[in-house]
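Supplied in structure tokens, the structure appears directly below.
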Amino acid sequence: MTQINIGSTLQYDVRQTTIFLFKIAAGWSSHQRVLSEQLNFTPNLDVENCQVGVEGNRLHRVIVEPCQFSVDYQATVEITHEIDRPDSVGESRPADMPAEVLTYMNPSRYCESDLLGRFAFEEFGNIERGFTRVQAICDWVYEHLDYTPGSTNATTTAADVLLQRTGVCRDYAHLTITLCRGVGIPARYVSGYAVDLQPPDYHGFVEAFLDGQWYLFDPTRLASTVGLVRIGIGRDAADVAFSTVTGSAVMTQKNVWANFADAQPNVNQVSAVSIS
Amino acid sequence: MTQINIGSTLQYDVRQTTIFLFKIAAGWSSHQRVLSEQLNFTPNLDVENCQVGVEGNRLHRVIVEPCQFSVDYQATVEITHEIDRPDSVGESRPADMPAEVLTYMNPSRYCESDLLGRFAFEEFGNIERGFTRVQAICDWVYEHLDYTPGSTNATTTAADVLLQRTGVCRDYAHLTITLCRGVGIPARYVSGYAVDLQPPDYHGFVEAFLDGQWYLFDPTRLASTVGLVRIGIGRDAADVAFSTVTGSAVMTQKNVWANFADAQPNVNQVSAVSIS
Amino acid sequence: MTQINIGSTLQYDVRQTTIFLFKIAAGWSSHQRVLSEQLNFTPNLDVENCQVGVEGNRLHRVIVEPCQFSVDYQATVEITHEIDRPDSVGESRPADMPAEVLTYMNPSRYCESDLLGRFAFEEFGNIERGFTRVQAICDWVYEHLDYTPGSTNATTTAADVLLQRTGVCRDYAHLTITLCRGVGIPARYVSGYAVDLQPPDYHGFVEAFLDGQWYLFDPTRLASTVGLVRIGIGRDAADVAFSTVTGSAVMTQKNVWANFADAQPNVNQVSAVSIS
Amino acid sequence: MTQINIGSTLQYDVRQTTIFLFKIAAGWSSHQRVLSEQLNFTPNLDVENCQVGVEGNRLHRVIVEPCQFSVDYQATVEITHEIDRPDSVGESRPADMPAEVLTYMNPSRYCESDLLGRFAFEEFGNIERGFTRVQAICDWVYEHLDYTPGSTNATTTAADVLLQRTGVCRDYAHLTITLCRGVGIPARYVSGYAVDLQPPDYHGFVEAFLDGQWYLFDPTRLASTVGLVRIGIGRDAADVAFSTVTGSAVMTQKNVWANFADAQPNVNQVSAVSIS
């Protein structure tokens, strides 16, 4: 059981009536409990609080008239990790996967697993199945990409990244997800907070479906998996943008932070960690 | 109220143990009722019948040992169309769209609305909002593409189609969906049966979200919207492949058919038709 | 006959032994004479002066040890334009095109005329052949793109630009060239200087082969065709980069300028101008 | 010295006046001499025989009225290979490369060396420079691709091939060329005839510029480099299509053949062979 304090502040210069969708609040699951949270808008506004899709992503929608606008979110989250020995975690057979998991085998906007399937099989087809194989994919991605802010943009896909070999957390996650799907392992994108992430920002990482549950992976190695807090889940980053803006607004500030509420847990980096 | 008889037969030469996922059975909705149906496998097999996702797509999963394998589906479906005058159907404001509809604004594998948004706004930004605008998009797609079997493949996207200007029903639907999303209209892919489709096959068409409900569009003009029966719904064709095969099997036959159980309803082609 | 003064200064911080290829000197042709020119390197260096390919592009190659390095080029160029009435300039028949011109019908790195041929024919297939048709392509490009510095990069192609609808002179030229080739008109990229270009920089424009000679076009409308001075010719920008750097050097300054040596000639904007 | 007999017959059903450009005749170089050749058209036609570009590609242009049309080419070619020991062949320094060779460092339509440069350096940056390095690239291409007729088409590029891992001789050559350019070795596409190629067809292979001259490579391993006869040279396949058809004609037959005029020379497969 781990307690993590998280928060973020976003400021906008709103120039005409604008609709904001925010996906910045910690999600709920059987392993992730929000102990306390505050969401404040300045100026004060009516907020619509929605739950989206089967994964229960939370969405806050506000309509903002021209002003200097800011949103501030803070929470304390308790996470009950399920920690397994990696070598005990195998893969699920396609015949046994729950139907709602099958969606995460499909190619998506930034994860063209249909294009990269052959590559995935060639590189990872003969590796021991299970956690080991997903770890091998993460290692490959880590070793072959350079973490280079500014080298990619909002339309960059896993295939682009595989060729150009640079990217940021979003790109690392997309390529990892794509290669997992390519060898038949359901995988999905998680947006969230990461303890002690440098530079501080929202983070993007990966869940792969193994042995009947979802396991956490962060191919960037920028954060420990036990310090990851989930905001939302999607097929790829297209589903979990921290803000979607319809109207006219310019972001003028973004602060994001996360830290352990208590002493950092002493968990070996290579453990298999699941919170779903 | 329309009654439609539908059916399809698929045969496979199965060469090793193979898992099939079929999405060929008519879906249920408040407007589409399955009056009767039969699903037969030869040889006889245990079938797992799943419901997937919030849209209630139906999925049949079977494990097949090497054999000559066939699946035969037949159903009679009753559809209660809601038919509106097109000029009375406007667009929903982003602030009013239900949260579960927002997903269909996101770009997806074959519908890169992030790439084509500028093009969409340039071509369709100034057209009267609502049914008229979606119809204008469908007309544009119809007029600028040539329906050419074999000109595209399973990895062809809306951006590809916009450049090469040829495709089949899947491609027409993808481009239409992408342009709708590009101007801010949620849109999704529907797989289904279409009365009197020539040549007979499964069909792919479009639903766009207008005035609080989903309306049917078929940019290919190959079928009347009142003769469309829904199998499943997805962000694009990646979600509703009629079969997904894991193992080794070769399809040796495919027959698909659909016809009106009673006399063909006399519905004007340009009516706004909703079944969701 | 027009006299134009041109020049450019480039400065680099050279960090290890570096080979520079410069393509910044005015080219020679039967219509473009270099009356005087100076090329100075600081520090002073041995320069290799090459002529490349059938088009006679000039290339200066130097090997530079670590230092603050600058190159300064100045020239006065005399251009004897051949100016025709646009409506008198038709297209060459493929059977009559000189063999060395045929190369400029082939697709190239940034001009995928094989991909965009259908689009080109659909939009421009029925327009009167000749200067009028190329002008129509330039007008279309001008009207459908937004000139947006920073919106594209060194790998952006004509197909990308056609979708995203933004770019700079290089992208305008690439799309124009691609659409010309797409309808069967040889077209090539010209790098050069442009009188009074704002902001000052090297420029990229287009030559199309009509009625047996090459005519100048600038789809950006940023400069008059009578104020264009040619540096080099290529299939696209890949061939005429103003500098190619092998080693390690950072450009610290770039100044480019061009102006009429005498009063600006009074030439109607829509005349067909040829200098090849 | 090797003598090789080559030939090809092409038949077309010409439906309206059509212009054909053929690139099927053996080229000339200091190492490749055409001892005898015949080019016959049925029906008999005026042929324009052009030399294109600095490489001296030969081009035959004919205008054909509607008819059953065939072209038949036969030649005996003498090739004086220069055969070196591979480990003695190094790379040229950029500062020493002749200016006309530099063109073959630029990215081209099907060889996006600008996109794949990082990948090339990562895989091949640390390999011993020279023939060994190009051979390593050819080996990598051979080992990572499956030779699969029909898996690619006329618009497939090296980047596509690198992802999908299948192709034919054209694709093998494009990827090899791209990776060579990516590590700074000039490389170009050669169309030609290959002794005993199975199935018989025109062939596409590679020349890389090493130690001051062009060396032959065939990454498909379908033919011995001493049995390769050059038709033409280009940046990639865009430049050397065996036929370019403007009008309306359907190819109804294609026969291509090549064999040694005398007993097959006994040349070790790994020798460095140059004919340029």
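Order of writing sets the chain letters: A, B, C and D. Residues in each chain are counted from 1.
The definition used in the following text is that a residue touches a chain if its C-beta (ideal position, glycine included) is under 8 Å from a C-beta of that chain, and two chains touch if they have at least 3 such contacts.
A quick map from chain label to UniProt name: A, B, C, D = Transglutaminase-like putative cysteine protease.
What you are looking at is a predicted structure, and each value in this text was computed from that prediction instead of being measured.
Asks: Which chains make contact with subunit C and with subunit D at once?
Replies: none
Asks: How many angstrom lie between the centres of subunit A and subunit B, each centre taken as the mean Cα position?
Replies: Result: the chain centres lie 30 Å from each other.
Asks: Just curious, how far off is subunit C from subunit A if you go by their C-alpha centres, in Å?
Replies: Here subunit A and subunit C have centroids separated by 45 Å.
Asks: Using CA atom averages as chain centres, what separation in Å is found between subunit B and subunit C?
Replies: Each chain reduced to its C-alpha mean, subunit B and subunit C end up 47 Å apart.
Asks: If a residue has to touch 2 or more other chains to count, which residues of subunit D qualify?
Replies: 115
Asks: Every pair of chains that touch: which are they?
Replies: Going through each pair of chains, those in contact are A-B, A-D, B-C, C-D.
Asks: Across the complex, what residues on subunit C touch subunit B?
Replies: Subunit C residues touching subunit B: 115-116, 118-119, 122, 144, 159, 162-166.
Asks: Quick check on the complex: what are the subunit B residues that touch subunit A?
Replies: Those in contact with subunit A are residues 19, 21, 50-54, 59, 61, 63, 94-95, 99-100, 102-103, 106-109, 111-112, 114-115, 154-155, 184, 235, 238-239, 246.
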